[in-house]
Structure formats: C-alpha cells, structure tokens
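Below, chain A partners chain B and then partners chain C, in two separate complexes.
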Partner chain A sequence: MEEIASLMQGFSIALTPYNLALMFVGIVLGVVIGVLPGLGGANGVAILLPLTFSMPPTSAIIMLSCIYWGALFGGAITSILFNIPGEPWSVATTFDGHPMARQGRADEALTAAFTSSFVGAFVAVVVITFLAPVIARFALQFGPAEFFSVFFLTFASFVGMGRGSASKTLAAMALGFALAAVGMDGVTGQLRMTFGYDELLGGFDFLIAVIGLFGIGEILSSMEDGLKFQGSEAKLRLTVVLTTWKKLLAYWVTSIRSCIIGCWMGITPGGATPASFMSYGLAKRMSPRGANFGKGEMEGVVAPETAAHAAGTSALLPMLTLGIPGSPTAAVLLGGLLIWGLQPGPLLFVEQKEFVWGLIASMYLGNIVGLIVVLTCVPMFAAILRIPFSIIAPVILVICAIGAYTVNNNMFDVWMMLVFGVVGYVFNKLRYPLAPLVLAIVLGDKAEEAFRQSMLLSQGNLSIFWANPLVATIMSLGLAMLIWPLASALKARFGHARSATAA
Partner chain B sequence: MREQEDASDEPSLVSNRVLEIVVALLLLGISAIIIYDSVRLGIGWAEGEGPRAGYFPFYIAVVLATASISILLKAVMGKGDGLSDSFVSRSAIGRVITVLVPAIIYVGAVQFIGLYTASAAFIFFFMIFVGGESVLRAIGVALGVPIFFFVMFEKWFLVPLPKGPIEAMLGF
Partner chain C sequence: MDFRRTMLGRRLAWAVLAGATLLAGAALPAQAWEPTKQVTFIIPAGTGGGADQMARFIQGVVGKHNLMKQPIVVINKAGGAGAEGFLEVKKSKGDAHQIIITLSNLFTTPMATGVPFNWKEMTPVAMLALDQFVLWVNSDTPYKTAKDYIEAVKAGADKQFKMGGTGSKQEDQIITVALESVTGGKKFTYVPFAGGGAVAVQLVGKHVDSTVNNPIEAVAQWRAGGLRPLCIFDDKRSSYTTKVTDTMAWSDIPTCKESGVDVDYQMLRGIFMPAGVTKEQVAFYVDLFKKVRETPDWKEFMEKGAFNNTFMTGDEYAKWVEAAEKRHYELMKSAGFLAAGR
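Let's turn to the complex of A and B:
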C-alpha cells in the first residue's frame, strides 16, 4: 500500500492554507467559467495559464485543475436551469435536467447532478490513485515504438468512438497534425511550411487554438442564436438536498455503470462528451422507467453527469503517466506542466513525487470543496446568467484577446485566435470534432518524434510496431478502432438491405 | 428520401451542403500545400538520418486529402443527414457579423492605441450599437473592465500588455 502512504504525503502538501485558498478560488472561477458562454474548461484554463507562471508548480496545477472541476460542475447549472449546455458534455444533462426544472424540481435536478458529478469524479480519482503509479512504472520501460503505439491508439479511439462522421474526425485530426508540423523541424532543423513568414517559425501554439476554437467560436455561435435566456429560479434547500440524496441511493446500478463508462472513456481518450451520451443511452435502455427519459427522470441526470465527470477526471491519468492527455483541458494542463519545466510522463512519478501526489490529493479535496461550493452558491451562479449577453460578449472577447496575447506576448497570436474562432464556428456547425484537432496540435510533434525514432531503430521497417506482444496489442487495438466505423457502416448497409428485402 | 423543407421560417443564406463542399475543398487545398512543401523537404529516407523532414507531414496530408475527398463526395452526392438544412439564415449571419467585424477592428486597434483603450472603446461601442444598452451603463462597464484588468495585469501579476499613447500620457 505504497500508494496510500504517498497519498497521505500528498495531502500534507495540498492541505496548506495557501493551497486550500487557491482551490476555493479555482473552483469558484471554474464554475463561473463553466456557466458563462464562450468560456469553458479548456480555454478558461488556457487563458489563466500565463498568470500562474510565477506560482510554485504544485500550487499552480492545484488551482488550474480546480478550475477544471469547477467548469465540470458549472456546465450542469446552465443545462438544468436554462437548457443551455455550458459545456458539450452537459448536453445530455439537458434532456432530463431541464424538464425537471420546468416541473419546478430544479433543486432536485441540481442536487442530483452535483452529487453524481461528485461520485463520478471521486471514483475516477480513486482509479487514478491506484492505477497511475502502476501504469507509470510499466511505462518506464516504453521505447519510442510503444509510445507511438499509444499515440496511435489515442487518435484511433477518436475515430472509433467518436459520434458522427469518421472522415470528419480524421480530417480534423490530420489538420491538427499539419498545424503542429509547421515551423522548425526538431530533428533536421529544416523549416516546414513557413513559406518565408517569420511569424510561423515557432509553429502554431495550441493554447491560441484552444482560446480561438472554443472561446471565440462559442461567442459567434451564441450570437447567432440571438440569445434569449429563459431561466428557472434556483434555490437549494437543505431538506431537498437530503431527500434527493436518499432517492439517489436507488440509482446505484446506474451510478456504477456510468462510472465504469466514464473512466474507460476518459482513459482511452473517448472523452467526456461521448461518455455522457453513451451512459445516458444505456441508462435509458436498461432502466425500468426508460420510457420516461426525456420527460424529467432523475436517473437521466445521474447517468450523464456521473459519466462526464468520471471521464473528465480520468482523462488526467494518461496525461500524468504517459504525457498523453485524454481531453483538451487535460492537454492545456499538460502544456502548463511543460511551461513550469516539468516533463509529463512516467518519470514524473519518480522525479516529481511531491508534485504528482500533491495534485492527486488535491483532486480529492477539490471535488469535496467543489460539491460544497456549488450546493451552497447556486443562486449566485445562476445570477451570472442574467447579465445581458451584450455585456458578456465584448468582455469575454477582451478576456480571450488578453489570454491569447499573454501566451507569447505577441499580436500575431491574437489575429490567429480570431482565425481559429471562425474555424471553430464553422467546424461546430458542420460537426467536425474539435477535441481531436486540439489534441493533434498538442501531440503532433511528439507523435512524429516517436514515429521517426522507431523508424530509425528499425531502419524503416514497420514491423517494429509488432515486435513485441505489448506494442502489437496496442497497435492492433488502434487498427481495430480505425476499422470500427467502416465495419459498422458496412454492417448497417448490409443489415438494412436484408431487412428491405425481407419487407 | 430527402425532404425539401425549410425548418426555419427565415430565408436560408447558404445550405449546409454548400458549406460542406467549400470546407472540404479548403481542406483539400491545405493538403495540397502540405504535400507540395513536404515533397520539397523530401519524403523519403535519408541515409543515416532516418525519415526526412517531409515524411510525416506528407502522410498526414494524404490522410487529410482522403478524408476531405470522402466528405466532398458525400456532400456532392447529397448523402448524409441535414445536408439540405440551412447552415445559416440571413439574420443569423448578420448577428454573427456584428460581433466578428467589431472584433477584427478591435484587434487591429490594439496594435495602435494599446489593449486597454481599445478594450474600453470596443466594449462601449458594442454595448450601445449592438447590444442597445444605455449609454451610462456602457460607460460604466467600458471603464470598469479595462481598469480592473490594468490593475490585475500591470500591478498584481506584473504581466505587461500592449499599451498606447493614452497610457503613456498617464505615465505608464
């Protein structure tokens, strides 16, 4: 039980008044970010990242990860009260959450959402606590081929598990890799795709892409809808919280199932959004009251919220142990680690024990703080949504511009942010997924490096990816993921044709 | 199979199908640029060095081209959900432009008059002309927000942001 001892040490690091205060600030900021249109977990953390450069890394990551938890919680508030999913993963929460609010059961729905979020996150943190050191130890023996196979599986998972068109996922991903390749090539020192523009020497910074795609893109989308909030009043009374908790106990099967889906989807980067939909779908099919889903069934809030948080939290596991983030927000946190001079990956667990365990301990504490904050402050957060959009829109745009500028202190980035904003708006409408695009920008260089090193080792022979059982298994899993959409499309066509002839 | 019906009551400016085709063509163009530059860098094997610099981007561009051709074909043949739906209606694109154009002017202005002044002006004009808020309220927010950020960045976090003549006049 080495992990328990390390964790206790982690608590002693995280439990300083300074860090607790940062946790509280992070959660509150996170909920605000989650509630406001145009600011979300990923770009919120990206914008605040430059402000943490002067902090000690452990404190900085505690605050930033708490912003992430807060944003996860905050998404539920807007979904339930206003039928506006503040974050993509809370779309499924609107299905039953908002009908409940319209029936005057907003307090029950909110309590159910927050509690399930907490349960999902908590289970995921426990998984991280015990699984992460094992994976990290295991990964210490990884060579470039193993790392490349993990990258391959990561991106193949987006294709295999993504909702929507596989070609669009592939296109978004390839675009990300291409953007990552721009600039100086790390191996040969040659300039790639800069076409003589000095601004492109350093390549595209993914933080800029995140702020543009998610921030500006979202503002443009919100603007298009014309934005008329029709919110329900929210107040949480202690009695309602307690009776709801009692009712929630009945849904333990759904909770466990959602936790498993969430953790799985978070670790293999399916992400929080598909996890929430999958969990909702399964709950609907399996629940005895499945027919009532969509009309205000509490179980329909429990399932997606638990899964989304389990996925959002466990997305940090591959980020910490392998240096491969499972979600855009995890990618931004990874960017933070690099800036603070920490190399994410298996060595982190050996060389930066204090940092890792401080962070893991803060996940437990942060979620407890988060649950208390959201349960007590809902009316305050709901009030933020009553600020007219004509004030929110320009202010958020200014915040995004400042955020983009401070990443590298240059104006070109701010222009790029606008370009990415338009791309984000169009991609969103045409259902190109943004998460693989962002992750490819982040991981492109590393994936390429791993690939080229493997090729050097094997002198250009692709069989190195099937050289030992481990790398062969991961590669084959990845290939299966890639073929999955094709196979299921063929099956659907074949099955369809058969039923058509039968009819 | 497909039904021609207008979901929204507003006139559609451009359909999803047209935009799908435009985006797919753009992506195809991007992959052509990458392939062009990758070939210049060399996409083969350098003796003793491993794959050349253009090797990886080349195959990425091939994937991008394949994916965009598949998207393009689907859109041209009219297969897929919601292709005939409106991408954006006239009034919606109008609202989008009312944010986008001021935002572009704002970013341009930051270079000349500094971030704080540009932000104040942007918030002020946006609130009055786009948002229809009262002048008093607009002045309040337009002054309050930049001053708050000024204190936060220049004094508290010591992160300097672009400043212009007005800040210089005030001695910063």
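Let's turn to the complex of A and C:
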C-alpha cells in the first residue's frame, strides 16, 4: 500500500494549474503531430525537447509524455479516415477502422479507437503503479533468442489471417523482408542491395512505404472509382459517443485479452507494433464475429488499439528502470532525462521518487485529459469526410509528400513514396494484401538481427530457441499459430467440399 | 595560423583604408560572421545513442543560455552506419549553416564499407571531448580484475566468451579484436546490438559475458549493482573523483595497462563543417562551442559520462584527427575489417 501513498503524493505534484495547463497543451500538440504523417511522436518530442530545458524536470516530462499520448491518440485518426497509418502500430487499426469509415461509421470507429486506447493505457498504468519493481526485472530475461521468438510469433499469427490466399500473404511478406534487408547489415557491417546508390544507404523507411502504399494507393483507387470519396454520407451524430460505448461493452473479452498482450509486449519490451498485430490476429481467430474482420467490424478496431496503447504505455517501464527505450519516442525522452540530470536505471525509483510518481500520476491524468479532448472532437474529425474528394485528395497528397520529406529531410523519399503508391495500387488490383508487406518492412530487419545474434551466441545451434521455458513457450505458440490455419484448411478441404471460398 | 592572420591583416588594412574612404563610417569587424538562418546539426547515428545525446544536449544548452540568435535544428542521418550524414556534409560544400558531430564511424564506415567520404572533405571545427571505454562484466561473476577475466578467456574454449557491443566493425569490435592480442590466441564471439543501452542490459541479463560500453551507457546499471567495471581503455585513470557507487569513483577504475592488458582507445566527439567555408565562419562555431563548454550544464554532463574533457581547435585538432585516422587504419587492417580495395 506504499504505492498508493506514493501515487497520492504524485497526484499532488502533477495537479498544479501550471502542470495541468502543460498537459492540455501537450495533448493538443500531440494530436496534431500524430495526424501529420511523418511528423511522428519521436520527431515531435525531439523538436520540443529543448524548449522544456528551462522547466522543472517533472513539468517537462509531463508535457512531453502528454505529447506522446496525444500522438498515440492522433495516429488513429488518419488510419481510420484516410487509411494512412501514421505510426507502425496504427497499421492494424486500418483493417477495420477504414472500412467502417467508408460505411459512414467514421465517428463510431473513432470513438471505439479512442476509448480502447484509453482502456489499454489505463490498465497499463495500473500495472506500472503496483507491479513496477516486480516486473521490471522480467525484461532482463529477454536475450536475442527471446526477441526472435516474439517476432516469430507475430509473423506466425499473421500468416493465413489475411483476406487473400495464404500464398499471396507469404509472397507479400517475402517482398517485405527483401525490402527490409536493404541498407546496412547490422551484423557484418556491410552494405546490402544498395547497388551503389547513396539514397539507399538508409534502407526503406517504414513511414515512406506506408504513406505510399496506403495513402497514395488509396487515392489512386478512389480516382478510379470516379473521384468519389466513399464515406461522404458520414452523419453528424452528437450522441455517438454514448451509443458506441454501449456497443463496446460487448467486447470485454477482447479488451481484456488485448490488455494482457499489450502489457506483456510492452514490458518485455517487444513493442507496440507486434502487440497490435498479435492482438488483431488472436481476436480474429477467437471472436465469434471473426469472419467479419476486415469488413468493418468494431471489434477489429478495439483489439489492436487496446494492445498498442497498453504496450506503448508499459514500454515506459523498461525505459525508466533499465534505460532501454521501447520506441523511438521513448529514446528521445530518454535523452531528455539525461539532460535534466536524471539517470534512468534501477535506482531511479529509489532516488527520484518525486519525479517517478509525478510522472506516473501524470499518466493517469494525461490519458483522462486526452480522452476528453479527442472525444469532444470526434464529430469534427468525422466531418472532414464530408469535404468533396476533389478538395480533400490534393490536400492529402500534399500532406503525404510533406510527411515523406520530413522523415529524413530527403527529396528522394518523396519519389519513393510515389513509387510505393503505384505498388500499393497494383497490389490492390491483384488482390495481394498490403499488411504482411508492411509488417515485414517494420519488423523484418529486427527479426533478422535477433535471429543472427542468437545464431552467433549458440554457434549456429537452433536449440537455443528451446533452451529455457520462456523462449520454448513462445516458439511453440508461434509454431502452433503457423500450423493452425494449415490444419483447419486441410480439415475443411477433406471434411467438406466448400474449400473454394476459403482459399 | 597567427602568421597567416597578420599577413592577411596587413593586406586587409590597405583594403580597409581604401574602402573606408569610399564607405565612410561603415564598420568592418574581423569576425563579424553570424548565421543568418537556422543551423542544421547532423547526427550520423540514431536517436538515443551517445552522439545523439550530446548533440541534443548542446542544442538545449545553446537555447537555454541564448548563445546564438538563430535556432539549431538537430537531424539524425544514421543510414549506412552514418554514411548518409557524412555524405550530406560532403555534398554541401560552402554551406556554413551545417555542422556535424562525429563518432568513430567518421573513420570506420568508409574503411569498412568503401562508401567514399573522408574527414579531409570537411572542415574540422573543434574537438569537444573524448569518450572513454570500460571493460564491464556482470557483478555475479567471480572476475575482480581485468587480469582475472583475461586469464579465464585464455583458459576457456575458443569463442566461448561472448562480447556484446554496438554495431559491427566499429569501435566496440575494434577494441574486442585488440583485446584478443592478449588472450593467447583465444577469440571472443562478438555479438553486435543496435544501441549501447541495450548492450548493458544484455550483460545484466547474462546473455553476454562482457562489454566495452561507454561510461554513460553502463553507469546506471553499475550504480544499481548489476555490473562491475574491470578497467578503462585509457593511458591514465579518469580525473573524476566523486563517488559514483557507495565505494567507487570513476578514478578508482584502473587503466587496462596497469592491469596488464595493453590496450587503449578513446572515441572522438568532435564537430566538423562542410568544406569551402571561410575562416570567420569556422571562428564563429569555435567561439560558440567555447561558450557551451563554459556552462555549468556542460561540466555536469562531462562528469556524468566520465568524458575525457579535452578541447582542441584549428591545426592541433586537424593533426589529432589525422593521427587517429592512421591508427584506425592500422587497427582495422590488422582486424581484417577493411573493404575490398582499401
């Protein structure tokens, strides 16, 4: 119960008018940053970091972490409205969020996304509050083999989950792996597949690929459909928040499962992106409404959003206690801590009690303030879809181009984005799924690195993946997930004759 | 440099005299140049690492103490082990609104990958500090000194001991290879990770046997009792005598040389500009970094990371860089890390 006393003290630090004002400013800035693709949370925090050096550390971290929450909330907006995920963990949100928007249910989708984010983040904060010292040590058990097993589980839960055929999913994923391999090979220090072009030294950035594949590809497809933006019939319903909340109650099982996945992935620290994909994959398998996933099922928005935010929030725990950032944004925040003279590490909770509990208290408050801010804006966001396509499309295009340029301040990236746009369009036409491609670009090089580190450690012996109960469990789960669709497909083929539709 | 300046001064004096008669009252101070737009500060490494921390810290100090009228914008160009950032500076000949912070990849990246750039294609501004390296082991292991550990490596099987480090064919691996000169033919298994913080945690979690982390990357785990420093790769001990843990200060870590391991290595944290800039433009930045170094914030930052607080500019700095390049070439060559044709 010592935690409760500390937390109350934290609230007394965080709840000053000055800090509350900073929270509000941070959330609004964060939402704006999250909406603009390319200017992700990491960039936003990095740009604003120097401005906070004149503030007391607690106020500064409160404002910066609120920008972080705001950006997390904001990322869902573009995913749902325009099919452009601004962050890797928003990709899974587009699968059902955007179809909902096309059906004129953008406001419902947004409310579901925001509320789920809040639930995920809130549960994670509670976990941090009461279990921080216990679970902080858990991350230490994660070596390269454990990391690889998590990535493997993520990929495995994805194969056979897509709408298209399993072979098309695999083909798209393999292309993603190839693209992820471009650039510097972290293990040998050699350049791969750059063909002498300096522009390819950095490899393909996830954001460029996503802005092109989803954003530009979407615009090309819409143009073909006759310059009409589906979803223009979006109604303005002011009571939508309450009616959506009523529906959300039905998905409590998915919520709880997603929270568990999210917290686990955040703490280990596997990250928010595997969490969101894994949670979506599991929800699709286990939900009675699984067959509707991908067609605008609200549960398909709840699952990834809850898990991503639970993971994003609990990722702050390994950052504070071990000094390993769970995300690029966390890495920049980490730099900030050092400049304020705070040393992230096992002793932070002992030596800087006021700071740590002020921050944890601000997580509660920041998320509540954030939820209120974004929910009141839902009708406004949904109304964006009522703007005629001929006006909104050029605006999206310009924002996409700016976003692509901002990632590395590089004009080449803008051309790359257009190329990815055409790829996205062709993929749509040939009914190849885009998500596995994106997933492989995001996690491909990390998975490869973890695999090769494991191989170095074990001198090339694959038994390292079954060397202890932890890694063995995760690997076995992954293998089960991989075989599951195969087994059920075989069963369907030999049991009944209606395999043609499933394939 | 002084000589050249007086020569230049004399010539200038005539020109000024002539000019002054025309532009009566126009002042011509010698170091009048100042940035006229925002200055881009390039980091040839990812977010969260040592170079990134230092650059963002400088950005913060300049803002906080109002040392410059124009803002500094920090940009990470980490692609190709930093090659992306260096190529950008090489390309921007004559642009005085661009500076870059270096780490050892200034030398190692072109040598290991063959990407064409060299420090001579940039203008050296100043050495800000030298970053130290320390040999760390998990505190649960029985090794109390560098000698103990090296003896254990000698007695073990080849490649049995695992060294975790940042990047491949860069400073951490160079030091590892240098260490192998005293292990009686036994090699380490070098496992590269993406960042220094992750390396320290892998050692606490016992996934590797030792690391050569920079002080700032490992200090938190040291203070918490997870890690034990064995020796520092410098020819003299650190000058910071304030206690970091209950019993030890940075100055209590013996040098590797005094522990019988004759290896020393420091990493440059320095500033360069594009080629083709004027002396006045370089002078502005030298002066700026002098001011940065005088702030109490900087002194605290140096102590926290146990940096070797050496400052150099001009010819002295260029000579140091040249010698360091030669040394890296020798080290990379003997380790077999050079790209084909180098």
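In this text, the second predicted complex is superposed on the first by the 271 of 503 C-alpha atoms of A that agree within 3 Å, B and C clash if a C-alpha of one lies under 4 Å from a C-alpha of the other, contacts with A are read in each partner's own complex, and residues count from 1 in each chain.
In this text, contacts are C-beta pairs under 8 Å (C-beta built on N, C-alpha and C of every residue); 3 or more make two chains touch, one makes a residue touch a chain.
Everything numeric here is computed off the predicted structure, so don't read it as measured data.
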Between chain B (first) and chain C (second), which, if any, makes contact with A:393: first, second, both or neither?
first
For A:56, using the defined touch cut-off, is the partner it touches chain B, chain C, both, or neither? Pick first, second, both or neither.
neither
Per the contact definition in the header, classify A:290: touching chain B only (first), chain C only (second), both, or neither.
neither
Is A:187 in contact with chain B, with chain C, with both, or with neither (first, second, both, neither)?
both
Once chain A of both complexes is superposed, is A:456 in touch with chain B (first), chain C (second), both, or neither?
both
Please indicate which partner A:216 is in contact with in the superposed arrangement: first for chain B, second for chain C, both, or neither.
first
First (chain B), second (chain C), both or neither: which does A:281 touch?
neither
Should A:415 be classified as contacting the first partner (chain B), the second (chain C), both, or neither?
first
May I ask you to decide whether A:430 touches chain B, chain C, both, or neither, giving the answer as first, second, both or neither?
first
Taking the contacts chain A makes with chain B in one complex and with chain C in the other, which residues are shared?
50-51, 54, 185, 187-188, 190, 409, 453, 456
Contacts from chain B onto chain A in the complex sit at residues 16, 19-20, 23, 27, 30-31, 33-34, 37-38, 41, 45, 49-57, 60-61, 63-64, 66-68, 70-71, 74, 80, 87-88, 92-93, 95-96, 98-100, 102-104, 106-107, 110-111, 115, 119, 122-123, 126-127, 130-133, 137, 141, 145-146, 149, 153, 157-162
What residues on chain A touch chain C, complex-wise?
42, 46, 49-51, 53-54, 139-144, 183-191, 194, 198, 201-203, 322-325, 328, 331-332, 334-336, 338-339, 341, 343-348, 408-409, 449, 453, 456-457, 459
Residue ranges of chain A touching chain B (in the complex, touch as defined):
50-51, 54, 165, 167-168, 170-171, 173-175, 177-178, 181, 185, 187-188, 190, 192-193, 195, 216, 219-220, 223-226, 388-391, 393-395, 397-398, 401-402, 405-406, 409, 411, 414-415, 418, 421-422, 425-427, 429-430, 432, 448, 451-453, 455-456, 460
In the complex, the residues of chain C that touch chain A are 46-48, 52-53, 56-57, 59-61, 63-64, 74-75, 77-81, 83-84, 87, 112-113, 115, 159, 162, 167-170, 173, 189-195, 197-198, 200-202, 204-205, 207-208, 216, 219-221, 223-224, 226, 300-301, 304, 337
